[in-house]
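Consider the two complexes below, in which chain A is the common component and chain B and chain C are the respective partners.
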Partner chain A sequence: MSGATAAAGRVPAADQPPVAHRRSLGSRIRRHLPGIASVLVIAFAMLIMFGPVLMLALFSFNDSSIISLPWEGFTTRWYDEAWSTPEARDAILNSLVVAAVVTAGSLTLGTLAAWGLTRLRFPGRGPLAGLHGSVLVVPWLIIGVAGLIFFSESGVSLSLTTVALMQLVVTFPLVVAIISAGLVRFSRSVEEAAIDLGASQGQMLRYVVLPQIAPSLAAAAIFAFAWSFNNFEVSFFTGGFEQTFPVWVFSILRQSENLPMVNAVSTVIALAQVIVVFAGWRLMKRLTRDRGGDKALTELLTGGAR
Partner chain B sequence: MEAASLPVRHQRRRGRSLLRPLAFMAAPTALLLILFLGPMIAMLVISLQHGVLSGDSGFTLSNFTDVIGDPLYRDVAWTTVQIATIAMLIQLCIAVPIAYVLAYKAGRFEVPLLLFLVLADELNPMVRIYAWRMLLGREGLINEGLQRIGLIDAPIDALLFSKFAVIVVLSTSYLTYTVIPIYAAMKAVDKNLFEAARDLGAGWWTTTRRVLLPLIAPGIFVSLLLVYIPLFTDFASPTLVGGTSGYMLGQVVNDLVLETGDLNGGAAMSLLMLFASGIFAIIAYKLAKIRQLET
Partner chain C sequence: MTVGSRPLILAVALLAVLALAAGCGRDEGETAVAPAPKDPSAPATGTLRFFAYGDTMTDEMLAPFLKANPDLDLQKASFNSNKAAAAKLAGGFEADVVELCTDEMEPILIRNLIRPLDPKAVKGFDDLVFSDSDDVRDEAGHVLFVPASAGPHGLIVNTDQVSGVDSYADLFDPQYAGNAALESSPLTAIGVTSMGIGVGDDPMDLSPPEIDEVKQYLLDNRDQFRDFPESDASMANLFKSGEAVIADGGRGTTEAMIRDGVPAEWVAPKEGVLSWVCGLAITSSAENLDAAYKLLNYYASPEAQAISGEQGFVAMTPKALPLIPPEFRQGADPSSLETAIPETQPSASDLYDRAWQEVAAG
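Coming up: the complex of A and B.
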């Protein structure tokens, strides 16, 4: 925390050294105020983003069927109960399978479309880009309801397959956006130079394009998996008898009071997601090593937002 | 790699055909045509048809007029706009300081903090709703805690199953997507402008209001574009923590489609919500663009 304050103090000093020299004692105290305020802002953000989930994890170890104070002692019995509940295991397994399929499909379709839309010129490119973009604007609730109507009208019975297909529809345009942003940032002249120097199309893709878009691909994979795993609306409306994890939690919470067993399952899921994000970050660092590592990551995030 | 083949390569653009675009675009486009446009058209058709039970055939606008004319739905629509707008404003009030700290003050903590933002997005929304429900409930941690310290005598019932609860859950659910566009806009601001403002005698507040806010306005509109529509159409949060006073349009769609089985009404309501979202998106998009041109 003191590091943040020090860093905060360093930034203006580095930018304008003459001003820093002129500071009096009173203003030096005031100079630390922004640092303290920064720490408070971040602490508040952390509290509202992660506080509730941390409490949920803490109370998954409370030896009481009421999820509240007083603390009745440490137990792992809710984990045992969760493990022996077939619905919980099935829901997680279903979600993992669907997310894996959707991630693979999204990366394939997303890369194809991103390349086609950013690197090729053909009639109808504008409308096609618009079609891919418009999926991102339509709320998932409405896509879910539309999917339900479409499948029931065409006589397709709802199952994990329909869930995966509809999730693919809403997820792969996001991958197109991420990878297009990655492709747009790099100049085509490098690719043309590679061809001019005698590389085949395949060699050019393998040795020039792939290293450039690898960070985007990795980020897209992580996001696609999370979006699919967390997707509720689309899975809820287009799902059949087999439930995905969010749908299972929703149906339990709608019917009953809070259950410690759900705390246990949620804790495991949240922990897994923390590990995935951290591992993803390490991977991204490795992939962008020659381009300044962390800087590339911030560029990827800010570029994706624009 | 032979030198002789070099000049020939320059001709490759001449021989462009539709074959390569087709190879790249066929599968993605087919998927979207069948499973995105298909369902949308099916929904439009259903919304224009009479219900199965009415026995009438042919097209009608009665589903739309029924939904629009129902005073109950008008109240729900008003509640929905209220909740979504308040939640959006709260998120912006939280997000701007976070983005500011990230962009200008965090130093070497910038990337780890960004990572936490990404993590906040990756955490399962249903788990987060559940966590809040656990905290806010009648016997939840906040009520129990406050009673133990002696601040209150009886649990505050209004914490859960209320508009308040929905606003709390929604204001914390899309922070990642609110912060990052604003952060990106701040990163793009030329820091010399702040110095110039200070040299010209502007205080902290004046600099923020007259220099920083106009420059990050496009980022704020992008945040609105990304976050307001999901807030407006949310259905899980009000169902799980909203009770009767926090009833939102998303639930109307769910109840029409899945509870009463009125696919036609549900489709009409969905399309009206899509229409409202579309108008909002166009306005926010235009505002984001216009501001970008000015800066």
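Coming up: the complex of A and C.
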């Protein structure tokens, strides 16, 4: 390096404003580019995921039976119509009852199964775990018809009970998968430490294990409820003369005039589901004493399986 | 309102399920003609299980029936296609009365899931539109179902931009290039096109070479069409947004558009009007035959058909017309169906499906 060049290299940046400015801008862009790109990607993904739902909500207030622009004016008549339709109310109530039963049942059975699969050692544990998972890849249509044939051959009358039983079959493996992930992440030595310190099995479960897998339980509950509530195939084939919400929706969509009413009901249900997730997030914050809300929400939505 | 298109994948899945149900489902039930009630005037009692499309068994429609039969426990279950209904019935689900539609009832007939009925036990049966059609009878001439609802299928046009249209051939008029629409249903799309270009004698039963010719014509003119809407709602959207100005479709769909302020008109093409036809049948596992006949009689009555007419369907008996409010009377007039061609499942229905699949995929 010549002396002149070396001297030029030592000139303070303030004396070279254009070059320094360019470098500063470039480095600033480089520094912020990942953040900007992340925001854009997230915004795009949000638009793709939630755009249709938002459109649905928007058009549920449009004073037209055709779901299309131009906007014909604000109205709540589709909500009034939905509320005054007994079949809609009955179907939603039926779905809520079935989903509540399925959620409680699958959480109980799923937690026990997950505990056994992750904490106990016994011959055939691997195949048994695979058997649990296999239900997740069988189409619900097939499971629904299989359930129908099973109940028919057994002489069991189809009803909401048979719907709940078959939905339990398809939902339970999901709960096992989510809670198993939470249990695998949770070190067993902590449980042993609790026992060593004098805790009973019940106390260990109550004060050590449950708080740790609470995000998994909450996530499993939300997914189980949503799977059950939104299920059409299993509900259609294993249901009797009481219909669930998705079955009711499919049965009335033959007439396009019913679409705005379905939009209105779906908007309310989507809103309710958002409120449930939000309530779950608040509950998680309380249970995990986590002041960082984002972490609690992420744990909730990933079932604590990060 | 159309019985219309169902996604092909769902259809294939349901057929697979039907095969599964056929292999493992219940034994076949009774297939002899269902005996008429001994005392037709007695109110129905016991439990009646009714399996139909949701809009067939609305509260408004069933209220008079339930009022006349206060001791009857009516149980309702709905489906969204006859394929799904067939799969459920074949799997062991039991009902007394089931709704059939001529364009999709084959899976139910093949499995003997219904039994013929005695038309003499249904008052006014001969007055019903399509009651003399071969499509409501089996090969032995037994009546399979009571026609309960129908809807003509012709052309829908935007009255602001289209005039002088009277043929399915107008769907392919170059002046409407890019602004025409064809309902995404193999049966109607292939049938309507065949009538428009003059291929074949029966649009519901084209031969394989005729289907190929129609398919090729549609492929060659695919750019003529803005879209192939899957539902009435999508069709209405296309007209409201101005993307489509001419399409094939039902009169019920057109009337719904007009009620919403869309400048539309339904046209009966000179080649003939198609019509979906649905009706009520007695299942082979029916237990309460007296109540089943009571329900069939109710749906065939002018009173029930008047309610159906007010709900946007065509009344199936002209005797219902005086009972229908004037504003609904024209749309409900069954005379529009007098020369209609019933939409029925073709003998080569799989070729119709495949041809349409190729056209829709481009």
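Assume the second predicted complex is superposed on the first by the 234 of 306 C-alpha atoms of A that agree within 3 Å, B and C clash if a C-alpha of one lies under 4 Å from a C-alpha of the other, contacts with A are read in each partner's own complex, and residues count from 1 in each chain.
In this section, a residue touches a chain if its C-beta (ideal position, glycine included) is under 8 Å from a C-beta of that chain, and two chains touch if they have at least 3 such contacts.
Quantities reported herein were computed from a predicted structural model and do not represent experimental measurements.
Answer with first, second, both or neither: which of chain B and chain C does A:Phe237 touch in the superposed model?
Both partners, chain B and chain C.
Is A:Ala113 in contact with chain B, with chain C, with both, or with neither (first, second, both, neither)?
It touches chain B, and chain C stays clear.
For A:Pro52, is the partner it touches chain B (first), chain C (second), both, or none of the two (neither)?
After superposition on chain A, A:Pro52 lies in contact with chain B alone.
For A:Leu158 in the superposed arrangement: first (chain B), second (chain C), both or neither?
second
Output check: A:Val169 vs chain B and chain C. Expected answer is one of first, second, both, neither. What do you get?
The first partner, chain B, only.
When the two structures are overlaid on chain A, which partner does A:Ser65 contact: first (chain B), second (chain C), both, or neither?
Second partner only.
Scan A:Pro86 for contacts with chain B and chain C and give back first, second, both or neither.
The answer is second: A:Pro86 touches chain C but not chain B.
Which partner reaches more residues of chain A, chain B or chain C?
Of chain B and chain C, B contacts more residues of chain A.
In the superposed arrangement, which partner chain does A:Arg254 touch: chain B (first), chain C (second), both, or neither?
Both: A:Arg254 reaches chain B and chain C.
A:Ser189 contacts which: chain B (first), chain C (second), both, neither?
The answer is neither, since A:Ser189 touches no partner chain.
Considering each complex separately, which residues of chain A are in contact with chain B in the first and with chain C in the second?
66-69, 139, 141-142, 145-146, 148-149, 152-153, 237, 250, 253-254, 258
Taking the complex as given, what residues does chain A use to touch chain C?
Residues 64-69, 72, 86-87, 139, 141-142, 145-146, 148-149, 151-153, 158, 236-237, 239-241, 243, 247-248, 250-259 of chain A touch chain C in their complex.
Touching chain A in the complex: which residues of chain C?
For this pair, the touching residues of chain C are 1-3, 13-14, 17, 20-21, 24-26, 49, 53-55, 59, 75-80, 84, 87-88, 91-93, 231-233, 235-237, 240-241, 252-253, 256-257, 259-262, 312.
For the complex, which residues does chain A have touching chain B?
3-4, 6-8, 10-11, 15-16, 34-35, 38, 41-42, 44-46, 48-50, 52-53, 55-56, 59, 66-69, 108-110, 112-113, 115-117, 120-122, 125, 128, 131-132, 135, 137-143, 145-150, 152-154, 165-166, 168-169, 172-173, 176, 195-196, 198, 222, 226, 229-230, 232-233, 237, 245-246, 249-250, 253-254, 258, 262-263, 266, 269-270, 273-274, 276-278, 281, 294, 297-298, 301-306
Would you pull the chain B residues touching chain A in the complex into a rising list?
On the chain B side, the touching residues are 1-3, 5-6, 9-10, 12, 16, 18, 20-21, 24-25, 27-29, 31-33, 35-40, 42-43, 46, 94, 97-98, 100-101, 104-111, 113-135, 137, 139-141, 144-145, 148, 172, 175, 180-181, 183-184, 187, 191, 195, 219, 222, 229-230, 232-236, 239-240, 250, 253, 257-258, 263, 266-267, 270-271, 273-274, 277-278, 281.
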